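Each remark here refers to the structure printed beneath this line.
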Amino acid sequence: MQYTNIAYVLAAVLFILGIKKLSSPKTARTGNTISSIGMLIAIIATLISFELLDFKIIALGMIIGAIIGAIFAIRVEMTQMPQMVAIFNGFGGGASALVAAAEFFTKYGTSEQTMFLTGTIILSVFVGTLTLTGSFIAFGKLQGFISGQPIVFPGQKILNAFLALSLLGLGTFVTISGIQDLNMFYGIIIIAALLGVTLTIPIGGADMPVVISLLNSYSGIAAASTGFVLMNNALIISGALVGASGFILTSIMCKGMNRSLTNVIFGAVGLQNDSSGGEAKQINYKSSTTDEAAMIMDAADKVIIVPGYGLAVAQAQHAVREVAEQLEAMGKKVLYAIHPVAGRMPGHMNVLLAEANVPYEQLKDLDEINSEFEDCDVAIVLGANDVVNPAARHDTSSPIYGMPILDVDKSRTVIINKRTMNPGFAGIQNELFGFENSIMVFGDAKEMLTALHKDLKELS
Amino acid sequence: MQYTNIAYVLAAVLFILGIKKLSSPKTARTGNTISSIGMLIAIIATLISFELLDFKIIALGMIIGAIIGAIFAIRVEMTQMPQMVAIFNGFGGGASALVAAAEFFTKYGTSEQTMFLTGTIILSVFVGTLTLTGSFIAFGKLQGFISGQPIVFPGQKILNAFLALSLLGLGTFVTISGIQDLNMFYGIIIIAALLGVTLTIPIGGADMPVVISLLNSYSGIAAASTGFVLMNNALIISGALVGASGFILTSIMCKGMNRSLTNVIFGAVGLQNDSSGGEAKQINYKSSTTDEAAMIMDAADKVIIVPGYGLAVAQAQHAVREVAEQLEAMGKKVLYAIHPVAGRMPGHMNVLLAEANVPYEQLKDLDEINSEFEDCDVAIVLGANDVVNPAARHDTSSPIYGMPILDVDKSRTVIINKRTMNPGFAGIQNELFGFENSIMVFGDAKEMLTALHKDLKELS
Amino acid sequence: MDMINILTVLILAIFIGFEIITKVPPTLHTPLMSGSNAISGIAIVGAIIATKVSGEVGTWLGLIAVIFATINCVGGFMVTDRMLKMFKRK
Amino acid sequence: MDMINILTVLILAIFIGFEIITKVPPTLHTPLMSGSNAISGIAIVGAIIATKVSGEVGTWLGLIAVIFATINCVGGFMVTDRMLKMFKRK
Amino acid sequence: MIAVVLKETTANENRVAATPQTVKDLIKSGLTVRVESGAGEASYITDQDYKDVNAEIFSNQTSILKGADIILKVASATKAEIEKMPDNAAYISLCQTTRELEFVKLLNDKSITGFSMHLIPRTTLAQSMDALSSQANIAGYKSVLVGASHLPVYMPLLMTAAGTIPPAKVLILGAGVAGLQAIATAKRLGAQVEAFDVRPEVKEQVESLGAKFIEVESDNDDGVGKGGYAKETSEDYKNRQQAKIKEHIAKSNLVITTALIPGRPAPLLIPRDMVEGMKPGSVIIDLASENGGNCELTQMGELIEHNGVKIDGTLNFPASIQIHASQLYAKNISTFLTYMVKDGHLNLNLDDEIISGAMFTHNGKVTHELTSKALGEQ
Amino acid sequence: MIAVVLKETTANENRVAATPQTVKDLIKSGLTVRVESGAGEASYITDQDYKDVNAEIFSNQTSILKGADIILKVASATKAEIEKMPDNAAYISLCQTTRELEFVKLLNDKSITGFSMHLIPRTTLAQSMDALSSQANIAGYKSVLVGASHLPVYMPLLMTAAGTIPPAKVLILGAGVAGLQAIATAKRLGAQVEAFDVRPEVKEQVESLGAKFIEVESDNDDGVGKGGYAKETSEDYKNRQQAKIKEHIAKSNLVITTALIPGRPAPLLIPRDMVEGMKPGSVIIDLASENGGNCELTQMGELIEHNGVKIDGTLNFPASIQIHASQLYAKNISTFLTYMVKDGHLNLNLDDEIISGAMFTHNGKVTHELTSKALGEQ
């Protein structure tokens, strides 16, 4: 027993270290391995400590579980990761609820059924069940089984409030009075399951990650309360860890998406879905933040900077040089692609970049640079538009058809910064923005570059 | 008992919050208040829980202690803060040792004297005593009772190693075998006391802060082990907190001073003392880091930048503009003081700063700026030397006597960046560097400004 | 005393949970979520215990719980690892 | 179990101690040191207990310990506060 | 098909219509290229340089023009030259057809198909043929150098042991291609630069070069939106504009004017009284002098001084940066020409905006509307 | 005590030795100031401007010099002027005493105490009197403007629709005050700038302006440290220096030479063959032309062309930026004068390094060593 507990503490320490390392790109993979070792230690310690365990049943369960988990994990496509996380999470919550329920049935009616025990069991069952159904709905939405659009109906909020309140009332009553009737217990399970559904269903696809993160936090809470039920340190510490870190992660994500946490918790998110659509009707683009751009650039070896009129408007010449210098300090090759008509006067970009003391050797003109895009990891387009419009290559009806352009789309990733989806000088839309390998980062070029610079520094 | 423990946990939480807040300038004071409230709660809870306490004795002790502590705290001059911290710390370590000793004498020879108890008591007595004597030596050195210079004698390291080993041996022996002889116990106390002295005495004045921080960490360890002796959560958590955070702080400080932690622990530091003396024999200057400079500037309202030839050599024109813009973003007033002969050709600074697009309105010439220094919080001198040399004002024998200079020394603080203590164009030393309100930040101007920019950003 | 200790542990663990995640870049949100989710599979410890200590119902509920929790652990850790592999530089 | 719990608490507390101090600017080194030093005056709790539970010797050693620890607490918190006052902007 | 590059005969016209590089391009697109001996001399290109890229060198103008299909020039051809050209040939140069009516008539009389690089439409696609841009850009750059050389003061701010020198104030009127490059160059030299233009969208462009735009409040009391632009050229607006310019001009050391409305005489922006309000030692460079000048006192091609203010009406600044001016102009012409040539022959697709836009005479008719209108008015 | 400001009579000398501002300073230090009518005209200062600050205006040279104690000029005084000066008066101007020996003799014959602003020692303290610096700085700036105006190419890099224009290469020989300012100005215009100087410490200064320093490997095989500098001017070093300069000069578009060793004729850096190795269209501005020139072909005061290379030997660039040149020079003079004046009288402390340094005649003796040596040699 002593050793088991020491093993648990050790496992908890490994979990802490693992999560810590997961929050930096350089150490994340190691972190995950560390956590999994912790888990192994906890499991082995548990198996050893209860000598009389029915190994057959346990082995059976673990083998089934491992096979299912592994198949899912191997088969899943990269794009389906979020729903995988959701469904795994649901199983975790379910497991906690089941354990608590098992304990309930064992202790039910015996003298051991203290108020504390009942209370923690109910908490664990309630949160675990909610996590289970909520996660399944999230999975269904992301996988396309259920409409990804927010499903809204009149009185939804009232229903949610009603369910939540009745759960609270029932839970409190049962805890204080001691359970009188098994139906009450089942009632709690049913209401929790319902609440999981009703809370998740109104949320749109784009906001799902936040919800999954929140549900993740819930499954930690469920594990922790199960820990109280069993008076088990491993569950308490790990559950609390996951609960707290998941909560923080959720709020970080909310901030990143400009949502408030209360909105998410009370199911008001996702009513407007702004990550596709927008002003340019036909173009379906991906928009992201400077953090993401920094991450992508961190992984690149060669970066080509494509300045345009917008860079001049923003007077971001110094900011762009700073970013370039940072990238070079990180060991990347940096070039500038100067289109002959970028800007509003011949040599506009030269004047601009000369002012910021960008070395002449880094400036490449159209002929020199176009062959460089092929093996370029990231092209970052700063306030340029017409000069990178692929329509000039193929769309004979376009007013710019025939103009030589910078072939930024040939590079692995194109990061495009401008303020809006408005067209440039020629007044035409740019299909580049909707390409598979394009990412828009909206904002004034100077502000964007300043933020990018900060984010790059943090990564290096 | 239940409530006492809840109070302890509460106190611990407040300590955690307190220390967290102490590490940012904006919240530090609140943090200190929070910690002290935590302490109050712990004390009151303790007093209440032991109903049969002899209040008279305790009250007596507390009043005496409070008076002494308060007098010290109020009387001490700002410049003597470090030694105050040292001596308070010594008392804390002493208290832990005393409590452990008291417990030892009570339990000595009884059946309660388990191996665990003996071990923790010895640890606590040993660390506590070492802290006590070490802190007193540190106090004596800083206060000038003992020479601030490193006191070194042959065989010092061997003596330290011998003392440490005998302590370890004795402690282990006593713990394992159970104490046989009170003399052994006294022996441990004496050796610990000696070790505290011998470890501290070879350290020079400049490195004292690191040592005090380390001793602070030790006093946390002492408190934690006393907590084990008494099986008291409050002491364990708080002690561990102080021990761990003190340790981290020590290593942060070491890094800041370019020392290795092992050096400090094993008393090898301070053998060379580079914070005074150096190449310029007469000038006694203070040297610091960009973090410190950033802190000082953060607290300023008006900053005057004084560029000189070194700024041009470092080609740091863009870096200085970035810093200035950051300062302005932080709401400060920023001006540049352009001395007519700064640099190596007429208008050298103008050419330089124009390239970086510094607005002309911020550039002030000698006549305009000299009256501005009086109410200026920080003047930051970047690679300038002769043009800020006060000798020109009063030293008739100086070759630059009579040249009008920038009166940077009139501002509250002068931060001076250059690479070494070497003189400038005129080849003469600059007494400014040794002024009370001057701080040197050595390094290439561009690198220094880049670091400063980063640090300023972190503060804002 | 036991109760208090467990509470203390809970509070300290929550603190650590809050502290260790400071500023995660958005690209790591999903792996981090996934990785910490796998940790919540610690319920497997409870599930194993439940198969033994919670009687007949417990055994069966426990079995299902073991399956569930194992899916969570195994799947969670593996999927996280796959995601993180993508971040490796070429 | 008790022992283990206390150890758990110790380890978690050390973790928190490591985590909460991340990057302190040098100017705050002294106040931070001083502030956390005041917290190590928690030995006062032990001292108070010692006066009672540790018999006659305990009473006297405890009294001295109370004095010492009080100096540490009171002096430490006050001196820290004085230092920090200086950081206030004018 | 034979393309002929003539030597320029106008005084100070140092440019040439083809460089060895563009000769190569032309030959590649199937043309035979003849170059008049000495054509490149003023641009430091020798006959040998042309020979090296397989051009034929002729020293006699009559023989070089015999059988020519396309004649390339910088300045407008003289009567003598036109007379030697074969009928129905094509001709390209940088001519202002609305003003050089005699020349247009001569070409038309010989049924020569005339193209003016001045008339290339300013579309995105035609930018590499836009000689107006490439040459105006040089003019803008050079005007600042010349202006700064005229000035009795420094351009940049200097703080020296003998006192502080304030930066010169430079005012640019008209911020087209020439104006924008003038802004950039003056900024580079450290001056304080302001600019004014009637087109409101130019404000952003001026600011994108770090200069200040002078804003004339537009009438918002008597109705915004009522046909915005038309409104803005109202008498009232013009008066306010005048007042504003007068105020800024009085403080300026160097004024560079580039205001132009295509096909019309240059607008008068600086009347005599404004000049007289300027400080002695100030300088006006009037880039519009060819079209009558933006300043009342400008004398075409002359540098005069009035009340201590120098007014420079020098023509043809680009010809003084001849190496690059020739390089760019030749490239503009060769891009235009290869654009028109299909399988070694001129392919005059009159539906093509660029080709029809640049053409002013064809088959004995004056095809450019404003030009034929001007001819009619004559 | 009476200070007299004469009108300059040398051709193109647009500067003046006092401005209204410095007249004020002089009057404040107890002097009476007389200004010859029209003295400030070429610098755009009217007689009225002087009157406004209480100077006395004289239109007759004889009467203005009657009773004068100190005479202030820019260029050296003419024979006629000197004859009208009272004996034993003091005189200050920007004269090269080692070359203008006739003039020195005339002054000395009248026992006039002569000071040359050329001789002000270059000490830290004397920097505000250092007219050589203030004027050389202008020369460096203007030389680039003039050089750029001569060039048939652009200075900056431009990438345009009609092709890419590479930046001009500018080479500065001699990086003293004039050279450094030339570097800065050429950099501003966007050129690629290289510089060379014999003094090794200049490398850092050149680089502090963002330009490249051309290094000539110094002999480390035949003994470093054996009297470093002396060694470096060895024949062998000179040859290597020549080779290096030749290599760089051949690639340069604009060369500005400022090399000077005080009191000696300018060193010859660019012999004829180097000029002939340059590209046609290149430009040399020889700031040392007054002292014989750094280029073999330089003709003092003339702009010549040799094999397509323009060589500009224009003298007195500062006089073409006359407003600021006068302002700075006048300030240099007034600082020097007020430095010497005590209670309204000249206090000729001959122990003072600056005063004795700048003095070349006193009490009928030539006090400047090099000058009296030159006189002896004559």
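Letters are used for the chains, namely A, B, C, D, E and F, taken in the order the chains are written, and counting of residues starts over at 1 for each.
The definition used in the following text is that a contact is a pair of C-beta atoms (placed from the backbone, for glycine too) under 8 Å apart; a residue touches a chain by one contact, two chains touch by 3 or more.
On a predicted model such as this, the values are computed, not experimentally measured, just so you know.
Shared contact partners of chain C and chain F, listed by label, are A, B.
Placing every chain at the mean of its C-alpha atoms, the farthest one from chain F is found to be C. In terms of the distance between Cα centroids, chain D is separated most widely from E. Between chain E and chain F, two chains of identical sequence, the interface residue sets overlap for the most part, with shared numbers making up over half of the total. Separation between the centroids of chain A and chain C, computed from CA atoms only, is 18 Å.
Per-chain Cα centroids separate chain C from chain D by 35 Å.
Note: centroid distance chain A to chain E, computed from Cα atoms, is 57 Å. Each of residues 127-128, 133-134, 137, 156, 158, 160-163, 165, 188, 190, 210 in chain F touches at least two other chains. Within chain B, residues 12, 16, 233, 237, 340-341, 346-347, 351, 354-355, 357 each touch two or more of the remaining chains. Touching two or more other chains at once are residues 1-3, 5-6, 8-9, 12-13, 15-16, 20, 22 of chain C. Every pair of chains meeting the touch criterion is listed here: A-B, A-C, A-D, A-E, A-F, B-C, B-D, B-E, B-F, C-D, E-F. By the touch rule above, chain F contacts chain E in their complex via residues 14, 43-44, 127-128, 130-131, 133-134, 137-138, 141-142, 145-146, 148-149, 151-154, 156, 158, 160-163, 165, 185, 188-190, 279-281, 308, 320-324, 327-329, 331-332, 335. Per the touch definition, chain C reaches chain A in the complex via residues 2-3, 6, 9-10, 13-18, 20-55, 57-59, 61-90. On the side of chain B, the complex with chain D involves touching residues 8, 11-12, 15-16, 18-20, 22-25, 28-29, 31-33, 35-36, 38-39, 42-43, 46-47, 50, 52-54, 57-58, 60-62, 64-66, 68-70, 72-74, 76, 78, 81-82, 84-85, 88-89, 91-96, 98-99, 101-103, 105-106, 209, 212-213, 216, 219-220, 222-224, 226-249, 252-253, 256, 288-289, 291-292, 294-296, 299, 301, 455, 458-459.
Within the complex formed with chain B, the residues of chain E that make contact are 156-165, 167, 190, 192, 210. Within the complex, the chain C residues that touch chain B are 1, 3-5, 7-8, 11-12, 15.
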